[in-house]
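Letters A, B and C mark the chains as written, and numbering starts fresh at 1 in each.
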């Protein structure tokens, strides 16, 4: 039994807007429409919220803010874009500062059109979002159950397309960290990847026949270089990455030293490697937007 | 080499105190006579030397009041010896009773631990201040041990003249130790301390004079006995001396200034031991003060000091000053108990002395070590200590928690004080109630600051030598252990003494003891929860209005600028500022002291 | 009695909280959520992901909950009232430290303001206990409730002072400096800003336990007749709801100084009066 639909708490963010939709959102909290009778509370804190109500459009200044709010919301979460500005930019979509609607930066679940959107539509939208929340919750539970059964096995050249798609999906967030979309992982083509299969060992993590993670490694001298550790965004934080690392290190057990690298801003990756026993030893500048941090581990640390 | 000597001396000293406890466990108070003209002559001789030195120092530094005071004291002593010397009969010069044993334990154990700590601390101190201060460590350790001996002299003396002699030695040690750095600031504060303590010494002498002149005795036990029969005048003067030594208002300024001294000095003299001598002497007279007007006024002074010092501590961000104010306020609480003088208050006061000595020493020593590592004494700079200095931060947390939180020692004491006061005079309880709430505020503020982590700075703890850290571990262990063992402490040490004096004693009900043990056990479980170190949680940034840039340390401000995130504690200078409240404290206590003497005139 | 408290207090607390929201809504001309809404809120929170800023911040909340239950159990088992007050302080301090540990500007401000609140109300609570001691000659709750006359006859000043600070303990205006119950965006939720999921649910449940404990304390003033006492306590609770909806929030200076002022005037006055009468 899910209580999400009995007690949906939302956080309301206003982008570049005329404040008309804002006021309508607040009006729905007022006595005439009173969404609190449905258990809805307007919290100002993403960590307490289930639904993100966005009014107004996205511009350069607030795109990171919106992403930040979204990241700080606990799962399961839904996004409702209220008003035509949040949907597509509205009548301001051609303006110099407007990037567009909320879907430019976030996965939006429900669009509520209107200019300004009426409270009845807003309530309707929230109710639809509740259904979406329910679905997401079920999926989360499934994943958590399914994840018990993930297997790691060596990958073959037939898996190359799937792995490439996964690679491009997973490295999106990295690219956004540096605002550099010319990242090698995102630029790699299928023939290039198939070439790699000849010299590099690939491992894949599979759940119900679908590849949700992968890692690759190769020997150079007596050092094993491990890279392109990728896990599907929906399956992150569940131990898949760690198991991938463990398995590939085991596979290359005869190496005396292991080396990995990651971007200097990728704090989570750095922490991840440090917890596995790696230590930083070098920092190299790739271009003016990115620096690469190298970490190493000697074999007796396993 | 010096380290070995000091450590062995420390071990011998602590062993001695503990042995004293074990031997005298079941015995009643014992009195010893030590009749020898040589001792009195020796005392006079050393007194003369001391007087000469202090007079000279006062002259050289142009502190004429100091010179004047010491001269006055000397003249009174000479006069006394000349006129009455040959006639004085002293039955028992020394004694040992449970209270002395408790004090000896504190001096022996806490004092020794501090001396051992000082080895490591002073080494670091001179390393960091190579050019500034002259390395006088030999003299320093020498002084610390002289001081400890003098303190033992105070608690074992029955002859008030000898007590006065040891009292003055502690004053001299304090002066020399505060002035250790020999710069202007240190000397200024040393002389301030000297001035106020000499005033106290003068009061002490006048008290002895009155005692002999009117009643013909110079012994402590006899003075207490006479006090119960109504001899209030000597007690008033000696209590005044106690006030100066324990930095009660209006005499508190010297203790705050004394914080410029190196930390072991602050820990030993100015929180655990020397200031306890002041309350010790007032507490000796507690049974005589019970129910008297003088006792009530003393209690009022103590209570006011407690309240106002606690309030001022809220506005202090210098760690040592905050600790100093906390010390002053806790001493005020003990004086309050002494003034009330019932058996319940006595029990509470003894408990307070024990727990305060151990816990405050721990706190000062921790602050000293931390100061050396982070190069700052300010509480605001102690953020994130739990990551950069984990072991230190745990110990200082134990210290802080031990000062105000249930079920630790000081809380039990404050509870006992409350219970004692509601039966006696609830008006005094008001001081305690408001003061403890204020104390709660500033301790938790500090505690919170230490566990807040913003930047991950690591590894500041390397280099803390074992000789510095071991006393800290022992003290932390004692803080927790004593409160776990407090029923035993109570039955073994405190209750017998109280029964001796009053015939009945306060015991904590069995039920409450059980409940508090359960609470203690539960609180001790808290560190264990870190083992399962939050595995099923996801770490994200703090909420900085979603304008975070790379984690929670910086954020995007208006117009695109980047600002660092900073968090500061409330200090509320406007309401609890030192200047304003201090004047109140001095005013009230001054009035009380005048009142004290008016009462005597009647 | 202890088991009854541990099992029923959260439910009762949730119902009272729901009643509070419903009544507030009606006073504002709205319909309001169902009475069991707080229960649904807590159950929903359990199903959410647990986000933290520092890994160890949730332990403090766990201990907050444990100690609140412990304190409530002590209270309803009839033990020493002062010990109950001190244990309650211990529990609240765990909550405050949790806010500090979360290392975020909002939670730290919330924690400090909660400390200011504690500094403001603690003297009055202890004075109330002292007053009760002076009348019944015992600190034990079992003795206090079996006293022959209702204590509110002897302790009117203390009762008034206690009701004055009741809004602080329930996190309602005008003294809801830290974590406010109704103003959902004050200081972005104050101390609880960085907590989510199961831990936030734990905070809610702990607050239900705490509210029942505080109402129990109010009941002590009327405990002579058990059911009349409960009715009067409910009346006091509804009164705080009214006060909440009528007043805006006070600044911390006003809160602290007025609480102490009321405490000194009415609380200490009451105690002094008792001192002279009972002599």
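In this section, a residue touches a chain if its C-beta (ideal position, glycine included) is under 8 Å from a C-beta of that chain, and two chains touch if they have at least 3 such contacts.
No experiment lies behind these values; they were computed from the predicted model shown.
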Among line, ring, star, complete and other, the chain touch graph is complete
If you tally C-beta contacts across B-C and across A-C, the winner is B-C
Chain A to chain B, mean C-alpha position gap in Å, rounds to 57
Chain B and chain C have mean C-alpha positions lying a whole-number Å distance apart equal to 36
Chain A to chain C, mean C-alpha position gap in Å, rounds to 41
Multi-partner residues in chain C (2 or more other chains touched) are 49-51, 188, 193-194
Chain B residues touching 2+ other chains are 538, 540-541, 543
Within chain A, the set of residues that touch 2 or more other chains is 45, 47, 72, 74
Contacts from chain B onto chain C in the complex sit at residues 405-407, 411, 415, 418-419, 422, 425-427, 429-430, 433-434, 436-438, 440-441, 444-445, 447-449, 451-454, 509, 511-512, 515-516, 518-519, 522-523, 526, 529-530, 533-534, 536-544, 552, 565, 567, 569-570, 575
The answer for chain B against chain A in the complex is residues 538, 540-541, 543, 546-548, 550-551, 556, 560
Note: in the complex, chain C contacts chain A through residues 21, 25, 28-34, 37, 40-41, 43-44, 47-51, 184-185, 188-189, 192-197, 200
Chain A residues touching chain C in their complex are 2-4, 6-7, 9, 30-31, 34, 36-39, 41-45, 47-48, 50, 72, 74-76, 137
So, in the complex, the side of chain C touching chain B is made of residues 49-56, 58-59, 62-63, 66-67, 70, 74, 79-80, 82-83, 86-87, 89-90, 93, 96-97, 99-108, 111-112, 115-116, 118-120, 122-123, 126-127, 130, 133-134, 139, 188, 193-194, 253, 257, 260, 264, 268, 271-272, 274-275
